[in-house]
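In the two complexes below, chain A is the common chain; its partner is chain B in one and chain C in the other.
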Partner chain A sequence: MSKKNRTKFSIIRAAAAMGIALLVAFLLILLSADGANFSEKIAASGKALREMLVSPLFKKNGNFSMKNFSDVLAGMIPIMFTGLATCIMFSANQFNLGAEGGIMLGAFVTALVAIYAPIPGPLLMVVAVLAGGVAVGIVMLIPAVLKAKLGVSEMVNSLMLNYVIMYFLNYLMNSFLADTSKGITQTYAFQDNALIPQMIDNGSRLSWGFVIGIIMVILCWFFMYRTRWGYGIRMTGINQPFVMYSGMNVPLIIIISQVIGGVLAGMGGGIEMLGRYNVYNWSALPGYGWTGITVAILAGNNPAYVPLAAFFMSYLTKGCTLMSTNANVPSQLIDIIQAVIFIFFAAQQFLAGYRQKLVVKSAQEELAAKAAAMKAERSEQ
Partner chain B sequence: MSEELVIQMKGITKVYPNGTVANQDVNFDVRKGEIHALMGENGAGKSTLMKMLFGLEQPTSGEILVNGEVVNLSSPTVAISKGIGMVHQHFMLVPSLTVAENMALGMVPKKSGVLIDYKKAVEITEEYSKKFNLRVDANAKVMDIPVGMKQKVEILKALVRGAKILILDEPTAVLTTQETVELFTELKNLKKQGYTLIFISHKLNEIMEITDRMTILRGGRSMGIHETKDVTPEEISRLMVGRDVILKVDKDQAKPTDEVLKVRDLEYVNEWGKKMLDKVSLSVRKGEILGIAGVEGNGQKELVDMLFGFNTPNAGTIEVNGANIIGLGQRELRERHIALVPEDRMLYGIAGTASIEENVISDRCGEKRLNKGILFNMKAIHEESAKLVKDYTVLCKSAQQQVGSLSGGNIQKVVVAREFSNGPELIIADQPTRGIDVGATEFIRKKLVELSRSGIAVLLVSADLNEVMELSDSLIIMCGGKIAAYFEDTKELSDELMGKYMLGIEKQTPEEIRRVCHE
Partner chain C sequence: MNIFTTDFFFSIIRIATPILLATLAAVIGEKGGVSNIGLEGIMMMSALFGSLTAYWTGSWAVGLLAAMAVGLLEALLMGFFAFKLKTDIILVGTAVNMIGSGGTIFLVKVITNATMGKSLTSTTSLITKSLQVPSWNIPLIKDIPVIGKVISGHSLLTYIAFLLVFLTGVLLYKTPLGLNIRSVGENPNAASSVGVSVSRVRYITIGIGGILAGLGGAYMSMYYAMGWSLDMVAGRGFIALAAQSMGGGEPVGSMLAALIFGFAQALGIKVSATGVDSNLVAPIPYIVTILSLVVFALNQRRVEKHRHASALK
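So, the complex of A and B:
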């Protein structure tokens, strides 16, 4: 199949999956909608759906809502990082699901540095975020090395690791680190010079971390498509025996891909922490890692599409929140939408018939072109 | 013996969707109660013919009669209902279940209609085991039992399902000598009880020992049905091994110089305890092509695995340019300028969904000339891939095209473009032209000759007789994990002579074979 047709198919497939997800969402809203009769229910569902799809951008009066829009952008920050992390790990065919625990650990380590490290000026910010990234990179060595050396499933290990991280951090918080003068479990406040400045001062917490995220997207793309290591990662994802036979170090690639994924997730946690909060108070997994998996799948593991996918997911999340506030529909609906998108993307055979048609069409075009070329050649002679 | 024909296949032709003609106008029949051998080289069409008899494939034309009645074998279920059973070469068993559970799969005895009656399954297994004198341990898990017993389970499975006619697909390929002897006793016993057996093999001594009649296939056509007692091994080998089309390759006399590859007394016993390589010694020198001929499964694959670091031998030495290479990884081997055209090109040769460009740089992506600091030098990479596509006449729109969308011949050209172009000193070409079109075949063969004449050592492993005889300067034949013969000059060779060595009818003396070491 030609590259053009492949891209066309990917886009149509993505649109179809999202469309079906929204349709399912609509049906669920309809089921739970208020109203005495069917037409009232339809009206209520329509209103709810409008809240979900339109209000992240527009106010009730139809004017553009800068506040809501910057909320959406701010919501992209952590899931761009987890999305990138997952892209790189999945590209090597490593189904590491540790971005979830990774972002929590990264946030925690960054918070500790931001509270306690005696570093002057904005340097503290940089060191804190990098410390978060490095810490998670090191922790990701556990599933990575176990996979590379012993063949243990990285999926199971990283999944369990998420909970190990969560409970371990909660233990540290409750036993040693909590500010006991406060009514809830939280750390002491970060030093002021650790906080990442806001881009817009409208309370939406859209920090300059967003720009760092975009920069990381570009760096990751270059890493994946313009360096030998990214090349090795992608080839390993396509055909591991081929990479071994070609003389590349497969175990090292397996480890590197997961460590880089860990670093990205950890940095994402740090940036989220310093851009949005001034104390660390997470006591449960934040969910950004799971959304990051959806982002990576939507982006087809290509870093270049991560911002788009992250925007879509952040937009829907914001929409669902607004819908629950204004239209009395539970915001957990976002999880169902995610799940449906997930299923259709993971389903190899989804739209396979359509793909087959494209392949056949492509092949026929090629044959026709070849025949024409031969004809031209003959007439020349 | 009765003359009643239980199976008749008349005028069978099979064309696969991709255009391969696997069988052409084949007539085949089997008498009740006989052991009938189906012989032929790899790719001769044995498996296809038997797949049609077992309902796995449908003939393009021709008819099949079972017990004199025309049948439409649309699936294995239909074949089984007609009393036909098949024992596959690769066992179709569930390793984590016990023998009895495997026996019961698909026909599970039930207690009061719901619960699985495991005891009954064991009883049935033991009853059949006793009846046919095929001893198996009903309660053992399949993964814990030896290969020979797994095969017995397969045979019993077919018998329990009511098979009167058993197709055995190369049953001895995986067995040790002892297990083979045992199997033959059991097969003779089955024959005595009135069962009909079709025995696929290319091992002559086995055929001579246990079969009554044989059908020989060559290039998809039948070379006739023969009574085993009326034919000599020589005749069989002449019928089986023969050349059809000959692609001539012009080449000058080789002028070999220094020894590049030196293999001495290589031994390897596989995980089932079967000796796959037995004291194999050979040398390949600069500027020559050494061919390895032989029926597949006689140690060639194991030898190549040893040479390219996929496996390690139990004993012996392998040296390239005087230095040991056993235990080295593929990167180190490539750094020593060893290149491999792998037998399985889809598994090792390419990354299917990546582009041609990404496929031709896989062995050199770390080299300085293709990198600028930490980034790839995309210009150099584009130039390199465009040059290779042009030099190796890969038919494609551009080097950015997905490699998996190319034809088999062009995929193989991509593989050889990479393997031949990075300054190799030793090229191991394992079945380099298998299953590809004539144009690509000719191109690759010419390229191999050209490279050898430029001073590269080439080791050519091929089951294609034309290929080894046309390309090789000198030739060895492998049989049963040993080198059966060495020919210094391939010109003096005839197909018949090669056939005899390939099938183990004749064997050279150790002194004659030792000449391949050039000591």
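So, the complex of A and C:
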């Protein structure tokens, strides 16, 4: 199939997956819609769906809403990091689902450094975020080494670690670190020089962490597609025996991919912490890890597409939040939409019949063009 | 303080039951080459619909059937995506788990809003004692000292779960269907070449798993916790995957593994009763999972080494 057709197919396929997800969303909204009769319900659902799709960008009067748009961009920050983390781990066929616990641990460690470390100036910011990343990278050694050396499922271990991390952090908070003068469980405030400055001061909490995220996207892309290790990671995902027989160290690749994933998730947690909050007060897993998986699937495990996928997910999430306040549809609809989009995206055979048609058509066109060219040649002679 | 009381052993069985049901689902799935990591999500969904149906119909039995039906349906849907549309089954499972977490809270809000006019975030207020899956005092056995107190008086589902360990063994090793499941799991091409419909067997495999996970979900919301609430399954579906691999993929071994988790959690509950922070105790089952997977893998490796060594002699 020609490159043009391939692009055309992937765009149509993506659009179809989103279309199906929106249809499912519409039906579910219909379930919850207020209205005396069916047509009223349809109208109410249509309004709710419009709210979800349009309001992240536009105000009620149709003007562009900078506030909502910057909210969407700010929402991209953590899921870009978990998305990148998942991209790299999934590329090596390592189904490590630990980005969820990873981002929480990263946020926590960064917060501790930001509160207690006596480091002057913006250096504190850098050290805090890196500490978060390193801490999670080290924790990810557990599923990584166990997988590489003993063949224990990294998936089960990483899932278990998510719970262990959550409870352990809550324990540390309750027992040692909480600011007891406050009504809710939270730490003492971060030092001022740890806070990541905001890009726009409108309460969206769109910090310069966004730019760091974009830089990390570029670095990850470079790493995956322009370095030996990135190549090794991708090849391990495609054909592990090939990598082994060509003399690369497969266990090391398995470990590295998960440690890098951990570092990215941890940094994401740290940047989210310092860019959005001034105390640490998470008491449950934030869910960014799961969204990160969706982002990675939408991006086809290619870091270059992560910002686009993260924008899409953040947009939908914001849309669902606005819909729940303005149209009284529970915001958790996002989880269902997310699952539907992601499952169709990952479905290899989804629209396979259509792809087949495209392949046949382009092959026929090529043959026809060749035949015509030969004919023309012959008639010239 | 003596912790090893009859109550303690009773609670091990009580805690192990939902894990055991999900573990059996994992056992059958893995035998058939279908790694279902969506058990967690299926349990959440079945727990929700089981409790809601029990409330609507006023009958725990109908609720139980609904939970099984929802489990079956969700599993078959997973099968459609995994086998027909060729989505990686781990991703299908992840999607099911996403729906099991956020999606169920959406559904419970919407459904209770539509049926009762107020949107609830859990169904714990709906499941009363009469809607609970009944427990059974086994005649004769209940009078045996010590053992009677441990074994008798459990939920009906607990006895079904342990009976299912036996039935799973029979299904896998004594029936033509079991043979098909195992052969598809071991080598789908070979099975296909002798006329076994691979996709049909796979659908049956994942479907049975769905029903078992559905029972596990029903146990959670209609007996163990009396009502559905967000993330109530709390990783039991994942622990089941670990129990399956620890038990070597066999029904009885996996049952023992499930009991170990029951033990770990029961011990945790005992310890937290002495005043230890529950956050320190709650992760015990998850840590036990990781440790036991490691022990299992080390042991496996030793056995293999031994076999290689003796083969060389």
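As a working rule, the second predicted complex is superposed on the first by the 349 of 381 C-alpha atoms of A that agree within 3 Å, B and C clash if a C-alpha of one lies under 4 Å from a C-alpha of the other, contacts with A are read in each partner's own complex, and residues count from 1 in each chain.
By definition in this document, contacts are C-beta pairs under 8 Å (C-beta built on N, C-alpha and C of every residue); 3 or more make two chains touch, one makes a residue touch a chain.
Quantities reported herein were computed from a predicted structural model and do not represent experimental measurements.
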Message: Looking at A:Asn278, would you say it contacts chain B, chain C, both, or neither? Reply first, second, both or neither.
response: neither
Message: With both complexes superposed on chain A, which partner does A:Met160 reach: first (chain B), second (chain C), both or neither?
response: second
Task: Scan A:Gln198 for contacts with chain B and chain C and give back first, second, both or neither.
output: neither
Statement: Partner touching more residues of chain A, chain B vs chain C, is chain C
Message: With both complexes superposed on chain A, which partner does A:Gln258 reach: first (chain B), second (chain C), both or neither?
response: neither
Touched partner set for A:Pro241, first chain B, second chain C, both or neither: first
- prompt: Which of the two partners, first being chain B and second being chain C, lies in contact with A:Leu333: first, second, both, or neither?
  reply: second
Query: So, A:Gly232: does it touch chain B (first), chain C (second), both, or neither?
result: first
Contact footprint of chain A on chain C as seen in their complex: 37, 81, 84-88, 90-92, 94-96, 98-99, 101-103, 105-106, 109-111, 113-114, 119, 234-235, 238-239, 241-242, 245, 277, 279-280, 282-283, 286-287, 289-290, 293-294, 297-298, 301
Message: Using the touch definition from the top, list the residues of chain A that touch chain C in their complex.
response: 28, 31-32, 95, 97, 142, 146, 150-153, 155-157, 159-161, 163-164, 167-168, 170-171, 174-175, 287, 290, 293-294, 297, 329-330, 332-336, 338-340, 342-344, 346-350
Statement: Counting only contacts in the complex, chain A reaches chain B at residues 1-3, 6, 222, 226-228, 231-232, 234-235, 238-239, 241-249
Message: So in the complex, the part of chain B that touches chain A is made up of which residues?
response: 308, 329-331, 333-335, 340, 342, 347-354, 358, 361-363, 365-366, 371, 374-376, 378, 397, 400-402, 405
